[in-house]
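Please see the structure below; I have some questions.
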C-alpha cells in the first residue's frame, strides 16, 4: 500500500529485502510469537484523505461554542502577535530534536538562552531553566527541589490561597514523593503570616509555597515572609503569573529562592489547556539542584560565542534515580513562543498588557458592584486583572445566561462566588455587555 | 603515621588514628575527566561504608562517591567548591571529606596500595 | 549568512524606544495607581526593545543554525524522528480550538472533548488497553503517571510493602528517575549477552516487595523480547504489574499490542510514534493506558462519553490524583489524532513494517565496517559497538561528529549502556532508500577516513556553524543569561 508519507516503491522494498536476506517484511517479525500477534488489524477507520481530515476537524470545531472570555484562574485570553506563529512554524525550529548536538542546534540553544535571560529579568532571580511542562508541575518540581536542597527535611508548607488546580498537582507529587504537605491558613483572602510562623516553628520545613497574585487575584503583601522562612532554614517558593511581573514586585525583591508558574499569560493561545509552559527560576546557590535543561554560553574552538546545554550531569539521563527530577524534555517551542513574545512587546508593551487588563478589571468590578447584585469579596485588597465577586444569586444562573450571550463570565468558585478576569482582549463594549447582562437579568435571589 | 586504603569503587581513605581523609583515586579522576563539580555532604553528617555521600561531576558524567568507612564528617574540603579542578590536578592532596571513623575493622575489607594497583590493571584490561 | 552581522543576541539589537507590538486599549481609565508602591517592582525588567522586522529577521536567521527533520535525516536511536505532517500543524492551530479556555463548561467545548475522547479510544485500541488518559505532558511524565497508577493500585489493596521497580540495565535513564520521583526504588536486572532480559536473573528478584517491572519491547537494542509473555506471567504470579515503556512502540504498529503481551500499564510518546514534532525539546505528550481493572486509578480530570452521545469531564475518588492542571498538551493531542486519521489502520501497520525494514537495511549495509555486537534481526533500531577496526582510536563520538559534516544528524551515542561504544541507529519509515543509501555511503566513507586519516575524524566536525564548544568552561562557570554575559565582558 502506498501512502503519501512513505517513500518506498515496490522496487525499493524488494532491493532492501534482498540485502536483509529475507523475502518479505513480515519475516523480520519471525521472533514475535504467533500467540502475541494482532490477528485482524486495528478496529480503526481506514485512511482519510487530507481533505477528509480537514473536514473532520472542521466538524469537530463547529461543535465548540466561541465565547468572549472573562475566565482566568491562571490562564488568560491574551493577544498573540502574528509574528509568533510565523516564527514557530519555521521547520528548522519545529522539527528539530533536543539540542544535544550544539554544532547543529545553535538556533534552539540561542533562543533558550534568550528565554532564560528574559525570565530571570521578570522574576528578579539569577537563573532560569529551559522550561518545564506547565505551571502546576513546575510548582511541584520547585517543592521537590526544596526538599532536595535542604536535605533531611520533608515538610513543605503551602498557602491556602494557591490556585486549587495547582494545589491538586502539588498534592499528588507530594503524596507519591513522600513529602509532608501542610496548608497555611488564609486571613481576609491572603496568607496568614502568623500561621506560617507557627508551622515553621512546629516542624523542620524544607520550603514554603506562596502565590502572587493569589487565586483570588489579590496581590499579597509578603513583607516579613522571606525573613521568617529563611530564619527557619527553609526556602521560599513563589508561584507567579509572569505577565504580571511586568509591574509587580518580583520574587527576587520579595526574597524568594525559587519562582515557578505558568507562562501562558505571556501571549500563549488558550488552546483548551495547552501546550503552555512552566517556568522555573532560582537563586545561583540552587543552580545544581534545579531540574531540567539549562543553556550556557561558552566559546568554540575558533573563539566564537557558542551556546550549549550545561550542567547536564544533574539530569536524569546521567544521574538516573539520583536526579532531582525525572523531567527529560522541556516545552522547547513554547520557550521560543515566550522569547519572541517578550522581544516584540519589550518592557513597555508588557506593562501595557498588564495595565490595560487591570484597567478593564477595575472598571468591570466597580460597575458590577454598582448593580447592587454583586460585591467584591475582599474590597480592601489590591488586585490587577482578576477579582472574586460574591453574588446575591446562583453563579450557575449567571454563567448560563452569559453563555446564551456568547460570554464566559468567569470561573465558579462556590454557589455564590465567581472569579472574573479581564485582559487586553475584551473591548469596552464586551465589558459593558457583561455589566448589562448582570444589571438587566432578573436572577432568582439565593 | 598514616596508611592509605582503597575501595573497589575507586575511593581512597588515608587513615591516621581514627581520622580518615576520603577522596577519589588517580585512576578515578582520569576515568572521569575534567571535574566540574563536587557535591559534598555537610559537616556533622554521618557517612556509612558502602553508601554514597555525594558525587563528582564531569561535563557529561557523574559518579557517586561511596564511603569506604562509617563515621561522622568532621570537615569538608571547601576549596573544591570554587575550584573542583583541584581533584584532577592532585587528587591525593585534594581529599573531599574528613571522617572520624567509628569502626576501624571496616578497613580490613579495603585494598592496600599494591592490591589496588593490580585491581586497576585488571579494570583497564576489561 | 553573515554571522558577524546576524549572529547577535536579541538583546544586542535592542534600542530604547523601539517596539514590535501594539496593545489594544479598552479606554477603561487608569487603575495601577490604586496599588501600593510597595507591591510594585522598583525597576522595569530589562527586556529587548526591538521593532517587528528586526525580530522576524533575527529569529529567521537563528533558525538557519538549526537542523530539523524537514532539513535532513536523523538516524537517532530511540527518538523516532519521523516526518511531521503539515496538516497536523494546521489542525492543531484550528481557530475553533485556539481560544477555548480550559475552564469552559463542557457543553461549550464538545468538539474539543470529542477530539480528546476519540484519540484516547484510538490509543486504547492500538495499545490493547482498556482506557487511556492523555493528560501527561511528555514521555517521562507518562512514566511517572503510570508508576503512580501502579502505586495507587497496590495501595488500594493495602499492599504497602511493594516499593521496588525492576528495570533492565538497558533501560532509558528516565525509568529509574521516574521511579524515584514516584517514591519507588529501582533494582536493575542484567541483560543476557544477546541484549534481552535474563529471565532467570529476573525470577530471582521477584518477591512480594516488587511493585512492577518496567520494560520496553522492542528493547533499547531494538530486539523483540520473545519471552515477554512468560515474564508477564512470572511478574503477575509474584503480585507485581508489568509496565510498558512505549518509547519503542513504532515498529510494533499493526503487529502486536502491549496489552496482548501481558502489560498492565503503558505510556506512549506521541512525539515519537504519532508524528508530533519534537520542537527542539518539546512540547511532547505521554498518554498512559491501563488494562481493565485499573481504569479507576487514572488521573483526574477524565473525559467520558455519556449515554446521550455528549461528552463530559469527570473526576473519580479512586484516581491517583491530578498530574496536570488541564487535560494536557491539547494541541499535541490534536496533531496525533490528525496523524492516526491520515494513516488509518492500514497505514499504521505499514509504518511499523517499513521502519523495521529501513533499520535492518542499514544494519546489513554497514555490518562489515562497524562492530555488530548482537547479530539478530532488529526491529526499528539497532546498536553498533563503534567501528569494527578498533586500532584507529576513532571513537563513536568522533563518528557521530563527523556525520554532521556529511549533513546528517548524529545517531544516539553511548546508549544503551550495554556496550562501551554504543552507536544506536533508528531511521523510521519516512526515509527513502536514496536517503538511507546516502547515509550508508557517509558511514562507509567515515570508516575509510578513520583508517586513513584518523586525526581528521577526531577533529570533526569541520563545516558546522560552530565547532567543538568548550563544555568544561560552560560547566565550571555557568553563564546562563544576558546579564552574565555583560558581566563577563567587563
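Per-chain residue numbering starts at 1, and chain names A, B and C are given in the order in which the chains are listed.
Basically, a contact is a pair of C-beta atoms (placed from the backbone, for glycine too) under 8 Å apart; a residue touches a chain by one contact, two chains touch by 3 or more.
Keep in mind the model is a prediction, meaning the values are calculated, not measured.
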| item | value |
| --- | --- |
| Interface with more contacting C-beta pairs, comparing A-C to B-C | A-C |
| Chain whose Cα centroid lies at the greatest distance from that of chain B | A |
| Separation of chain A from chain B, taking each centre as the mean of its C-alpha atoms, in whole Å | 43 |
| Centroid distance [mean C-alpha coordinates] between chain C and chain A, Å | 19 |
| Distance from the mean Cα position of chain C to that of chain B, given in whole angstrom | 37 |
| Shared interface positions of chain C, touching two or more other chains | 471, 474-475 |
| Residues of chain A engaged with two or more neighbouring chains | 311, 313, 318-319, 322 |
| Shared-contact residues (touching 2 or more other chains) in chain B | 36-37, 57, 59-60 |
| Contacting residues of chain B [partner chain A, same complex] | 36-37, 39, 42, 52, 55, 57-62, 64 |
| Complex contacts: residues of chain A adjacent to chain B | 151, 288, 311-314, 318-319, 322 |
| Chain B-touching residues of chain C, taken from the complex the two chains share | 471-472, 474-476 |
| Footprint of chain C on chain B - complex, ascending | 34, 36-37, 57, 59-60, 84-85 |
